[in-house]
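Read through the structure below, which is laid out as structure tokens, and then see the notes.
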Amino acid sequence: MLSVGILGCGRIGQVHARSLRALDDARLVAVADAVPEAAAALAATSGAEVRSTDAILAANDIDAVVIGTPTDTHYDQIHKAAVAGKAIFCEKPVDLSTDRIRDCIAAVEAAGVPFMTAFNRRFDAHFAALQRRIRDGAIGEVEIVTILSRDPAPPPIAYIKSSGGLFRDMMIHDFDMARFLLGEEPVTVQAVGAALVDPAIGEAGDIDTAAVLLTTASGRICQISNSRRASYGYDQRVEVHGSKGLLRADNQLESTVELADAAGFRRAAAQYFFLERYSGAYLGEMAAFVGAVVEGSTPSPTILDGLRAQTLADAASLAHIEQRIVSLAAE
Amino acid sequence: MLSVGILGCGRIGQVHARSLRALDDARLVAVADAVPEAAAALAATSGAEVRSTDAILAANDIDAVVIGTPTDTHYDQIHKAAVAGKAIFCEKPVDLSTDRIRDCIAAVEAAGVPFMTAFNRRFDAHFAALQRRIRDGAIGEVEIVTILSRDPAPPPIAYIKSSGGLFRDMMIHDFDMARFLLGEEPVTVQAVGAALVDPAIGEAGDIDTAAVLLTTASGRICQISNSRRASYGYDQRVEVHGSKGLLRADNQLESTVELADAAGFRRAAAQYFFLERYSGAYLGEMAAFVGAVVEGSTPSPTILDGLRAQTLADAASLAHIEQRIVSLAAE
Amino acid sequence: MLSVGILGCGRIGQVHARSLRALDDARLVAVADAVPEAAAALAATSGAEVRSTDAILAANDIDAVVIGTPTDTHYDQIHKAAVAGKAIFCEKPVDLSTDRIRDCIAAVEAAGVPFMTAFNRRFDAHFAALQRRIRDGAIGEVEIVTILSRDPAPPPIAYIKSSGGLFRDMMIHDFDMARFLLGEEPVTVQAVGAALVDPAIGEAGDIDTAAVLLTTASGRICQISNSRRASYGYDQRVEVHGSKGLLRADNQLESTVELADAAGFRRAAAQYFFLERYSGAYLGEMAAFVGAVVEGSTPSPTILDGLRAQTLADAASLAHIEQRIVSLAAE
Amino acid sequence: MLSVGILGCGRIGQVHARSLRALDDARLVAVADAVPEAAAALAATSGAEVRSTDAILAANDIDAVVIGTPTDTHYDQIHKAAVAGKAIFCEKPVDLSTDRIRDCIAAVEAAGVPFMTAFNRRFDAHFAALQRRIRDGAIGEVEIVTILSRDPAPPPIAYIKSSGGLFRDMMIHDFDMARFLLGEEPVTVQAVGAALVDPAIGEAGDIDTAAVLLTTASGRICQISNSRRASYGYDQRVEVHGSKGLLRADNQLESTVELADAAGFRRAAAQYFFLERYSGAYLGEMAAFVGAVVEGSTPSPTILDGLRAQTLADAASLAHIEQRIVSLAAE
């Protein structure tokens, strides 16, 4: 039984609280949030106590913390939690600066605490099954990975401004997925992008439509495309072309009902957004974290996975801004 | 908040316990089972007390009972629960005898207690969405309903022998679905069947493969087919042809992953069986029951729905045995 | 090289002329029609001569005749063609009377001429592939055959009146398909039907919506449903459930283009009607006929297949009218 | 009625001969080939005469020539045909050198003869329907075009060596499709590639796996990926993400038959290669050419379209070799 404290009671903190309730080997003990009402609300529905962040980090009755606070607070909390010997489950991105992530890695390694970076998509049943089949040899050697990822609607401009930009905020998930599926580290990064969805996003210095081209040392290729808008729901598709065949995972639709009439055959739109599409994945990642900590194995994805995705996001951003191919040094 | 007792701690009782745990407006207070170990096990994972069936039926701290015991015990428990003023959630079939179901109806009506017959498929998100779209006029008038329903594998022969036969045990769900989708009561029933899957089923006096043809007074048609075996998982499909179009709901597959190779494009098998396929429907039916009782509305499907499905099953059985068309009197 | 004459230059005669033009081992020599303009028009586009029906039947330079005239003329033409020693390709139905078909069988057998009944659907690439896979054991023993067949729109009332009724005019194709897929002769027939599409069809003494239930001696089941109207195009689907798996063939859509927007994912409607859907099948059946005659093998489907489908249509009609199960004697 | 001569009686010349036979407003008069047996064979099946190339180009009874000879002969034949006043239908690529294509453009413009570059995919019914729907506004403004194109198996190494390389030989079709769908000219080109399928292709100085990233002046993005090998058939997919929705066209499978068993739901492989997949497109492009010449309109795609696709292929090749982003000057 793992005793857990949640730092950050916003939307994602609430998701993790629900997951913890559903797990037999975890118990949510306390929650904290800079906004007292948010903490109180989550405490009420989850049966946990409200405590301060520092109290949670210092508590003897808490084995692990779930960090779901704003990105710029992760650094401090990771350091404190590591020193306090807590197992750490941290939302992505670990930090917008790879240097600071390296500091966190040092702190986590020095403390020897378990750490998991919350790349939820690896725990989606469909993507996980697809990756397992690659690993089991169903398509031979991986050659071309294609990732299409589109949000139903752009976030508020205020969010855009502090997001670190599309490559670091949105495509970060796809960079992790690329690494998950490629089976090799990318060594070159090319990127293009534009503000096609909303000029205000362009005025805020960001883009809303982008594509990236990655290569690995052995010549494997990955293509990623992103849009901040899709009229038909949250578009989350992956396909991998290998020497022996192709694997792909299509969208989850809102239902399997199909209507046929003079306009043709109509199926439902894709599930609206990440809370619907990845509800199972959120439960799965928490189960994996709790299970690993309880049994003493290493949780995955690791903090190094967090660093590598961030490195790719930085490279893509650089490639886009400087209009050049960015090569990544082997690490 | 509805306080609930579960009678019967087998597979389906466990499913309902899980559903109750997930609902905000219900609380599982006590469980009972003829096998003490079964009751103890469910109590342990659900946090409920073990009590005797009679103690649950007499308890002041229990508002509603979930009847998940063997079919032949339903009659007594319904009568006792009605007298005790409990809201009743009863597994299908209510009873294998329509006369005895009529007795239960009288008891329930006399007591004025809420009663819900657990036809879970009406709460499957896909079938429910399909039926809503019919009701909303998407395909005009219903003309032909086609229901294909196949289990992955037959039950043990011992189960077959006490099941009441395929029409009453398995196709009962499809009869309810037929009524749910037709929007009119069937008036004629034709049926054919054979033991094609396992001769032992035939020796036990039952069939494992069957088809039924229903008509309604206005000429609507329903075709149902059943098999006790499907190599590709639990086959649960419905389609409705109407004056303006067609609605259909396909199977839920184990994943959306598709593999393409020299053998073609392969998707996963259908979800294996009812616990997987209808996990959402089980939660949905319990939420509907609890919600209706808490807010004082009438739960649906009613006990009359239970009677009517059973009447169709009896008619199909008769049509098959006597090799004739059975007409149903208007009720 | 087979020299062919076409009797009947209507829509289906034109289809066969086009098929003959595309075949390397056939040559269309002459065409005949009761309406001179129709014959002249087909002669002009096909490069064939116009001759009288009798002249074609008597011609030394013609090896085979394609009978595409109205059903009530088939009987005479088959007899004359048989006497004249021509190979015969005859549109379905051979005749509306099974007694008269038996006469034709006698004439054809006495003359020893090749005869093919034009059940075009057996030559649809998809249905043919499906049947081949059954024959090759892909799904083990056939258990349940489901055939859904719907026209996009009803024919004119005048046509309905002389059609012999839905079972003989429309479902005749499905009866042949049932036999093609079941691998055993049906022994019982149950049927229901109504005029739901257009009351005028009911006033004309026919139905426009129907369903049939067939069984074979070993207990195999076939369900057929028909409608004279489908808003989404020509609905032609078949599925076969066997002891080891399921085979199904879905509709051919007008294109593979899919549009996703807020209304969901939309594919095209089904190909509109038989000329589009079965264009390949028409070519295939003529190729099979020509090939069989040229190489001296027996064309299939035979005239006996024509008789058996007609017998099933009669039985279904009787079952519907007399509201009873019709048993078919072994032949 | 257009009188046509075919230059080159190989595989593609035979395809065009078949198309001409099926068209009502064209007549194949003569064929020529450097290999006398090839010309004789095509003449025999098509009913055309064998003539020399020069005789065809000089003939008074020939209005148009179809150039299906090896690429390095196109230049001469185009010049001669233009001078002779023939309408010209020319296989892609017009030439491997854009300078020489510019010469051809000058010759064609000077002579004022109709010219069509045979980008057959524009005439595929599905891609054509997709592009029409873009043009009709179904998805608003085009934002991201994704083209996946994979051959079932690589060509012989000898072919590879004289092909001009993957970008000019294979991806040339996708560059034309990109222009067809983007609705704007690409202005930047990035490209990656490797020999993953067969090391011998790498030793021959070519690649067999590649991806390209294009942008247009307004920020539209196109991603193309190619492989010389796909175990599941000829993979030809296109999808276009726009401001209001998504359009995609999936592969044509060998049949619609689906088999369900313990391994899941299996559909057929994709149609094997271009002769199967684009049989309708070959007929369509010839019909478009003949129709345009007969009615005096301008055939499309034009020779300028041929030049532009070649320019993109050159740029991609350069981008790949020099590992840099290539910008295209406005033309």
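The chains carry the letters A, B, C and D, assigned in the order they are written, with residues numbered from 1 in each.
The criterion applied here is as follows: a residue touches a chain if its C-beta (ideal position, glycine included) is under 8 Å from a C-beta of that chain, and two chains touch if they have at least 3 such contacts.
Given the structure is predicted, the values throughout are model-derived calculations rather than measurements.
Visitor: If I average the CA coordinates per chain, which chain comes out farthest from chain A?
Guide: Ranked by distance of C-alpha centres from chain A, the top chain is C.
Visitor: Higher C-beta contact count, B-C or B-D?
Guide: If we tally the contacting C-beta pairs, B-C comes out ahead.
Visitor: State, to the nearest whole Å, the distance from the C-alpha centre of chain B to the C-alpha centre of chain C.
Guide: Between these chains, centre-to-centre, one finds 41 Å.
Visitor: Provide the C-alpha centroid distance between chain B and chain D, rounded to the nearest whole angstrom.
Guide: 57
Visitor: For chain D, which residues are shared contacts with two or more other chains?
Guide: Residues 230-232, 244-246, 260-262, 268.
Visitor: Where on chain D is chain A touching in the complex?
Guide: On the chain D side, the touching residues are 141, 143-144, 146, 148, 150, 188, 190, 192-197, 209-211, 213, 215, 218-221, 223, 225, 227, 229-232, 235, 241, 243-246, 323-325.
Visitor: Spell out the part of chain B that touches chain A in their complex, as residue ranges.
Guide: Spelled out, the residues of chain B in touch with chain A are 45, 125-126, 129-130, 133, 138-139, 244-252, 255-262, 268.
Visitor: Can you name the residues of chain B that touch chain D in the complex?
Guide: Answer in residue numbers: 230-232, 253-254, 260-270.
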